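Okay, here's the structure, questions in a sec.
To keep things simple, chains are lettered A, B, C and D as they appear, and every chain counts its residues starting from 1.
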Amino acid sequence: MENIKVGIIGGAGYTAGELIRLLINHPETEIDFVFSTSNAGNKISKVHQDLVGSLDLKFTDTVNPDVDVLFLCLGHGNSVKFLSNNAFSKNTKIIDLGNDFRLEAGKVFDNKTFVYGLPELQKNDIENADYIANPGCFATAIQLALLPLADKDLLNDDVHINAVTGATGAGTSLSATTHYTWRDNNFSYYKPFTHQHLGEINQSVKQLQNNFSSEILFMPNRGNFSRGIFATVYTDFEGTVEEAKTLYKEYYKDAAFTFVSDDNLHLKQVVNTNKCLIHLHKHNNKLLITSIIDNLLKGASGQAIQNMNLMFGLEETTGLGLKGTYF
Amino acid sequence: MENIKVGIIGGAGYTAGELIRLLINHPETEIDFVFSTSNAGNKISKVHQDLVGSLDLKFTDTVNPDVDVLFLCLGHGNSVKFLSNNAFSKNTKIIDLGNDFRLEAGKVFDNKTFVYGLPELQKNDIENADYIANPGCFATAIQLALLPLADKDLLNDDVHINAVTGATGAGTSLSATTHYTWRDNNFSYYKPFTHQHLGEINQSVKQLQNNFSSEILFMPNRGNFSRGIFATVYTDFEGTVEEAKTLYKEYYKDAAFTFVSDDNLHLKQVVNTNKCLIHLHKHNNKLLITSIIDNLLKGASGQAIQNMNLMFGLEETTGLGLKGTYF
Amino acid sequence: MENIKVGIIGGAGYTAGELIRLLINHPETEIDFVFSTSNAGNKISKVHQDLVGSLDLKFTDTVNPDVDVLFLCLGHGNSVKFLSNNAFSKNTKIIDLGNDFRLEAGKVFDNKTFVYGLPELQKNDIENADYIANPGCFATAIQLALLPLADKDLLNDDVHINAVTGATGAGTSLSATTHYTWRDNNFSYYKPFTHQHLGEINQSVKQLQNNFSSEILFMPNRGNFSRGIFATVYTDFEGTVEEAKTLYKEYYKDAAFTFVSDDNLHLKQVVNTNKCLIHLHKHNNKLLITSIIDNLLKGASGQAIQNMNLMFGLEETTGLGLKGTYF
Amino acid sequence: MENIKVGIIGGAGYTAGELIRLLINHPETEIDFVFSTSNAGNKISKVHQDLVGSLDLKFTDTVNPDVDVLFLCLGHGNSVKFLSNNAFSKNTKIIDLGNDFRLEAGKVFDNKTFVYGLPELQKNDIENADYIANPGCFATAIQLALLPLADKDLLNDDVHINAVTGATGAGTSLSATTHYTWRDNNFSYYKPFTHQHLGEINQSVKQLQNNFSSEILFMPNRGNFSRGIFATVYTDFEGTVEEAKTLYKEYYKDAAFTFVSDDNLHLKQVVNTNKCLIHLHKHNNKLLITSIIDNLLKGASGQAIQNMNLMFGLEETTGLGLKGTYF
């Protein structure tokens, strides 16, 4: 089989950088072009500087409309704009890492139907899709904590979520809260109870449990680390912790990257991997579910490659056997 | 007035180190002795190495029973043992930084009644006390978030708390989770819903609101920073956020170190100070209260000095005009 | 005595913030105004957010020309501009934290002679000065490592210096190298052998040892921490390490903040203090001198207050009894 | 070809953990056993906890003497002891990650001759070797900075080296200087001018330039990061920087992982990769060479796999196409 030809749009950001890092080691792909108007003509390794010695390619401001797959790594809201102004072959599959097409209301654009790309929710739909809306990072971690319960209609009370994300979650832009002297040894929250990923989360939960009517109370925090999401979720659950484990292990038995751990979790168990690890704990009537991912991999670029693999009929884990950075 | 003569027991730990740092700049005290059996004979600046040039005193394994005030900085449970084996003048006031005497059930020992030393709860009692049980760090941050509501009998639903503490919270002992390579860029929780400070918190809440019968659900986390506690607390509240602010500002109008901020908080606003900052936010029917302290100062040694000041009739802020380490 | 009235120019930066933090606890001063055109009218605690509860003052864009002392906290090169456009009483003493007046060639401006404000070099001159050029941060750490040798004409071979500074050394401006995700767990150098502080260093060394003709090879590095400078310096030295210690201790016997440590040093021994700690080690014919300071205190605002104290005849350490942030 | 059967001795440490992470994704190997007396019977993922979901193997205290290759990950000095007490097939190749066999004087043991495993120095010897002494981490970074000069007999003056290593360089053992609260935001040096890797470095330099007689002055530092070595090296060099670049690029033209960068370097360009990046800069008569590696990969386990690949006739980069952790 010929290599899959890949185009990347928005090539200077974090998620594009991660895609490039993954694709240069992926055995079935070749990077055709990396589009970045602000960096056109510069070597990619001038921006993603760890790629010195790995890649000679330059950024371009011209697209090849015949690539096999296109990854959109644009600021939220910009994918619609880009696709309106740039035509691609009807054979070009598209994976959007932004949030333009994630919700039911916006999933059809220009006769293209974007499938929500969470393999643990709907692997078959992804395998048959040409257009994918790749989930948000918090949304991924939190859904993977909730889906096995929703799948059994067991989410019947308020869901309390506290999650912490690293500084890469804020993107490459410079701001007061990404300045080293501010963030070093600091902690804060933002958008309490109103984070934009709540839409995706509610949508997927209701897809599995259509009578879900409780509230999801989500506190997102900024941690003083670079990568990763650590989410704790609790809600009422009548069964024992063993029953919960059985239920989760059954739900994830075919998952390529999501595993239930019998031991307490800490964030670095998943950093620089495409894994999600889940741990379950029971206290009185509350089930405490911990879910950890790397926000740039399972929460963005790694999941995008996983979706690509599924769409092209490859082994789901191809190119994703990553060495973690446990320390 | 003559200087207050101070003795410190358990001198090699973090809280003793902080006490020494505070006392050498306190205008009304002198350090009489610092007791540490394992370090007796060594210069204090060999252990608390930032004190080179500041202090020539050595650790001792002999106590002076006639000091004016004694600070106990021992592992939890060891204060009772120490006081059983060492007699002090009946004029010696005692401030225990451990948890031996914090709860009603254990507050009387050897005819000494230990008063719970949270000035925002009971300043008058502290002023008249000879023996103080200094509050726990998480307990301080969380009580300061809850007391104004309890004071008005407004805690009528479950209270959800998520708090993160720095590595100094675990003490000087070496363990897997305090190793740099483990903790760097990491995040984890411990003792979910069962942290030992819940006893103090419930006791103080009920002292103000004796009909309190809801559950306090407390998730304690380990952050990858050295100092500080960042606590978010939410519960049902019928009034507006402005009403909440008024209520909190009124409750803390005479507090020397606890202030209500109109702006969002981040942890470093209080690091290396004795402050507690509180912020209030309303979402639907939930009041979100953020409370931040330095775990070693307002959460331990700074509050101990504050209590000492009150017990000796000094201005409450004496020696506590600290330059923060905002960055 | 009445309080010293203080004006601060360039009030939104790190060094101004540190000055304010020091001055609010200084017993002999009051802050008259803090000038910042970009923040005029805003509360100071909106920018220096740890000051919530400590200070109600607002930034102003109007100066009071009759303050007793004026601190200039402007970008390098901007002090000349500011003083050209703003007149002050001839009784107003001025302390410039920039580099405009540090070198012999530029020390006289508008009939004002700026004295180089390193107390360990020339305390008497400072006591008699009305205008002070406050030394640079790297320059302070490195001079304090070299002056005792220069004082005895013992710098007779190349001097090799490697020093690391924290992110506050780069100021508040946002840039690629101050972004958290870049700097976290990173290390780099800049301006190899050509750092702008070499001028000051050479000038002071020659002031003490006028035959100095060797090369100073200085490698400045960016560390992934917020505060502090750790400098190692080595050069040929014929005597023993004990002779070196004697020489250094003699030179610093009247220094208020500079101390010779018999033990190895690590940076946090001085963080959030005005100290400089020095350690000496001998290997073959090389004397290794380690010098550590807090770049914002002994390397900037703390030393500025020390100079102010000397200029106004106060005890040199007034307001500088700081609690370090050892952890 | 059948998979290469691998045994690992000393399986609970950092370098063994990294070997396992590399080997589970290496297409030509299988892990036969991981020996750890203290953990025998436990799942490997209980110690290397990021491997949950990746590996079901348990530690063992029994060796299989017929493995194809054996990696020794023991404390320095313990490889001789282990090999004295455990016999292996004469077909078993051995790669020792300790320092027992690195120096000429100790390279023959039990009729086995250990070849120093730095591919950039002697790839052919490694390809033909059965026993490899894998280089030290600092030694790797520093040799790669010096070999091109030594190769042309151009090291004719003192060599000044300053290098910083991460906390993983100190191993898994708990100590004061690996405690999070000590190391966070801290900096220090150790073993000034006497680090044990100087022996290897001098040996390799003299292997290429047998008239080398200058001094190597090496200052090793502890940084507050987890992984990586950042080394700056300077010495006299008569040519231009362009000549130096040509010389280095020529020397490394066949190197699989060592590249010359035209731009300044920062440590995270190599973290979690097997690369070494080199940058050259000229100031007056000094050539400044910067060399960066990941201490656990190119400085230990990655280089060990690289050596294994060469010994077994595999493509040198097999299993080493690693996604870096640039942020």
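Throughout what follows, contacts are C-beta pairs under 8 Å (C-beta built on N, C-alpha and C of every residue); 3 or more make two chains touch, one makes a residue touch a chain.
Listed by chain with UniProt protein names: A, B, C, D = N-acetyl-gamma-glutamyl-phosphate reductase.
What you see is a predicted model; the values in this text were computed from it and never measured.
Shared contact partners of chain A and chain C, listed by label: B, D.
Ranked by separation of Cα centres from chain C, the top chain is A. The centroid of the Cα atoms in chain C and the matching centroid in chain D are 40 Å apart. Chain A and chain D have Cα centroids separated by 34 Å.
For chain B, residues touching at least two other chains, in rising order: 14, 166, 168, 181-182, 184-185, 224-227, 266, 268, 271, 327. Contact residues on chain B toward chain C in their complex (touch as defined above): 14, 17-18, 21-22, 24-25, 46, 48-50, 52-53, 168, 184-185, 226-227, 257, 259, 261, 263, 266, 268-273, 275, 277, 321-327. On the chain C side of its complex with chain A, the touching residues are 14, 166-168, 172, 174-176, 178-185, 224-226. Against chain C, the residues of chain D that register as touching in their complex are 160, 162, 164, 166, 177, 181-182, 184-190, 192-194, 217, 219, 221, 223-228, 230, 232, 234, 264-268, 271, 281, 283-284, 286, 288, 290, 327.
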